[in-house]
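The following pair of complexes shares a single chain, chain A, combined with chain B in the former and chain C in the latter.
Right after this comes the complex of A and B.
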C-alpha cells in the first residue's frame, strides 16, 4: 500500500453551533486521483481549507505529506509542494495574466516555463489582459495553469469545473488528465458532479454531513456494489435483518424488497432465498446511485 | 513578489494621495503673501470669547513664515490629509483584495505573518514618503515667495507626523484583521482620529493629544522634540501591529 499523502483522523470543525465536519477520517494514497464527492454543504471545502492551513480544525488531525496541516511552519512547507485551485478561482483581479504568472512563479523554484507557454496557448490567455476582464472559462484556465506549472506533488482542486459550460469543463478536465498522466502527481478534487469524478478519478471518498460515508477505488465500487431486487407473489415480508456483511440499505415497496449491497451479494441472496421470492435480480449500481444512497437521498 | 502585490494593491491610494498633498504643499507656499496681508488686519478683530482668542492666537502664530507653514501645513492640511491616507492605507489589510483573492495569497508557501508584514511595511513606507516628499517641496519652493524654510524643521515635523500618525494606520490595520470589510475599520479609525480634535475642542484646547504630537507643536514653540509622545505612539502602534499579525495568524479564512 503506498503511503498516504493526505490523512485525516476524526477531524471536526464547528462554526458556532454548526458542525461542518463531524469526525472525518480519510486517506488519499500517493499517485491516486481521488474524487471527493459530497452535496453542497457536506464539508468538502472546509476539509480542503484545513489541509491547506487556511482553517484550523476544532479537533482531530489532518496531515499532508506526513506534516500537521494546523502547524503554521509545517503548513508553509506543505504548500511548497501543493497546488490549489479554489472553487471561485481566487486570483488577483488587479493583476494582468502575466503579472499573475510572475507572482506565482516566484514562489516555486521548479516552475515549468514550457508548460506555462503551452497552457497560455491552450486556454487562449493573453499575457497583457487584466484578470478581472477574463471570462469564467479563461479565469479557470489561468487558475489551472498557475496550479500545474508549479510542478507540485499534490494538486488540490475545489469544484474545478464549477460554473463552466460543458466545452470548457471538458477542456479543463482534459488538461488535468493529460498533465497528471505525465507527472508523478496526486490529485484530490472535490466535486458534486458524478460524471466528472467517473471521468478522471481512480478513487473516491464520499462525504455526507461532515463524515466519510464511502472510501474506495472506483473499480471496486463498480464491482462490489449491487442492488438486489426480490419480488414476491404477495406483499414482500417485513424488512428482514440480514446477517451477511455488506448490506447498506433495505427497502420494501409492495411486492418488492430491495437490498443495496456494498459487497457479498451472493451471500445476501442465499440468506433471502428461504423467504420465498419468485424472482431475484442482481443489478450493478452506478456511482450516482451509490452517491445518492450515501447522501441519504432516495435514488 | 509579495512586495509587488502589496504595491499594486495600494498604489492608487498612494499616488492620488501624493498628488493631492503635492498640490496642497505648493498652495501653502504660494498662498503666503496673500495670507500675510490678511493677517495684518486679523489682529485688529475684536471677537469675544474662545473664538476670538483662537483667531488671535492663529494670527499671532502666523506672523512669521515659519509659523505660517507650521500652522497651515503641519498643523492643518498635512496632518488632516495624511491621517485620512493612513486610515485608507491601513484599511483592508490582508483581506483588502476580498476574501476570495486572499485565499490565493494564503495558498502560497508564505506564512501569514510574512504576508501581513509585507503589506504593513509597504503601506508604512508609502506613508513615510507621503509625510516627507510633499513637505520637502516647502523648503524648495520658499525662495519663490522670498522666504526660507529650514530642512531641519521639515525633517523633524515630517518624521514626527509619520511616527505619531502611524498609530492611526496601525489601528486601521488591526481592525482590518478583525473585520472582513473595508468600511468598518476605516470609519472606526476616522472616528477615533476625529475624536482627538473634538475632545480638544470640548475642553477648550485648540489642538489635542496625538495630533499635537503629530504636528510636533513643542518643537515649533520651544525647540523640544516630543520624544515622550513619539515613544508612546510608536509603542502603541507597534503593539497594535503585533496584535493584528497575531489575529491574522489565528483566524480562519
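Right after this comes the complex of A and C.
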C-alpha cells in the first residue's frame, strides 16, 4: 500500500484540562475524497489545525505527504502543496476579486490560469468587484477558486458548504469532483451535510470525543451495515446475546426486535431464525444513521 | 448525449457504482442504449452527476468485466455488440409491462411504494411471507 497522503497515529491534544483528541488514528490515501464527520466539539477542527501545522499535538503523530506536520521545516514545505478552505475564508475585503486572485497567484508557480477563468465564470465572480461586497456563496466560490488554482496535491476543507444555498453547494461539490478527476489531488473535508458526503466521498472518517469511531470506504459501509427487523406473532422475545459478530445495537419494541449490524447480517439472521419470527426485513442503513449510532445518539 | 437514465441516489444505502451498473444494464435491456452507442467519459459523467470519479470508474470497470461495455483507449466507453438474442430484449420489454401492470394493481389496493418494493424483494429472496413460520 503506497504511503498515505494524511496519516495520524494515536494523536492526542489537550488544552488545559480539555482532551480534544484522545488517540486519533486515521489514514487518507492519494486520490481519495474523504469525508470527516463529527459532532461539534468532537475534535475535527483541532485535527485539521494540527495537519496544517497551526497547532502542535500533545503526543502521537500527524503526517502529511509522509512528513511530520509538527516539524516546522517540514510544515512549511507541506503547506506549499496543501490548500486549505476554512470556515472563515479569510480574504482581503478591500481588494477586488482580480487583485485577490493576482495576490494569491504570485505565491504559486504552478498557478492554473485556465482554471481561474473557468471558476470566475462558474461562481459568477466579476473581477472588478470588491471582495467585501461578495455574497456568502461568492465568497466561498472565490476561496475554492484560490484553493484549486494553486494546483495543490491536497485540499483540506472545513465545512465548505456551510450556509450555502443548494445551487452554490452543488457548484462547490462539482468543482471538487471535477478537479479530482483531472488532477492528482486528494480531498479531506469536514462537513455536517451528510448527504453531500454520501454524494462525493469514497471514504469516511467519523470522529467522536477525540477518537475515530468509523474509518471505512463508503461503499463498504453501504454493503455491510444493515438494520434487521424481526417481527413476532406475540411480544418479541427478550433481547438475545448474539454469538455472531457485527451486532451494534439490539432494541425491542412490542412485537418487533431490531438489530443494527455493522456486518455479517446473514449470520445474525440465521442465529435469530430459531426464535420464530413471522417476518424478517433486512434493510440498508443510511450514512446519517451510522453517524448517529457511532456518536451515541439514540435513533 | 442523453444520460437521463443515469440517476443514482447517493442516500439510498445502495453503493452508487452498483446503481450505475444496474441503470446502464437496464437502459441496454430496454433498448434505450443500443449496441455501439457511446457512453460519456468518466470525468464528464462524474461532473454531470456530481459524484466521485472513482465511482464512475468502478462501475465502468465492472461493466467492461461483464462484457456489457467496451473501454476503447483514448476513444471512450461503448456499449458492446449485442451478443444476446433479440428475443431477450423483447422478453425484458414484456417483463416491464407485466411489472408495470402488477405495480398498478398493488397500488390500487392501497399499497405504497416501499411496501410494494418489499414484496418484490421478499419474493426474490425467498423469505417467508407474513403469517408463515420460517422453516
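The definition used in the following text is that the second predicted complex is superposed on the first by the 297 of 299 C-alpha atoms of A that agree within 3 Å, B and C clash if a C-alpha of one lies under 4 Å from a C-alpha of the other, contacts with A are read in each partner's own complex, and residues count from 1 in each chain.
Just so we're on the same page, contacts are C-beta pairs under 8 Å (C-beta built on N, C-alpha and C of every residue); 3 or more make two chains touch, one makes a residue touch a chain.
Note that the structure is predicted; figures quoted are calculated from it, not measured.
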{"item": "Clash-or-fit label for the pair chain B, chain C on chain A", "value": "fit"}
{"item": "Touched partner set for A:93, first chain B, second chain C, both or neither", "value": "first"}
{"item": "First (chain B), second (chain C), both or neither touched by A:9", "value": "neither"}
{"item": "Touched partner set for A:107, first chain B, second chain C, both or neither", "value": "first"}
{"item": "Angular separation of chain B and chain C about chain A, which is computed from CA centres of the superposed model and rounded to the nearest 10 °", "value": "150"}
{"item": "Which of chain B and chain C A:31 touches, first, second, both or neither", "value": "second"}
{"item": "Touched partner set for A:76, first chain B, second chain C, both or neither", "value": "first"}
{"item": "Partner chain in contact with A:84 - chain B first, chain C second, else both or neither", "value": "first"}
{"item": "Superposition-derived minimum Cα distance between chain C and chain B (Å)", "value": "26"}
{"item": "Residues of chain B that touch chain A when the two form their complex", "value": "1, 4-5, 8-9, 97, 100-104, 106-112, 249-250, 252-253"}
{"item": "For the chain A and chain C complex, residues of the former touching the latter", "value": "31-33, 170, 173-174, 177-178, 180-182, 195, 198-202, 218-219, 222-223, 231, 273, 276-281, 283-288"}
{"item": "Chain C to chain A touching residues, read off their complex", "value": "10-17, 42-43, 46-47, 50-55, 118, 127-134"}
{"item": "Touching residues on chain A, where the partner in the complex is chain B", "value": "49, 52-56, 72-73, 76-77, 79-80, 82, 84, 86, 88, 90-95, 99, 102-104, 106-108"}
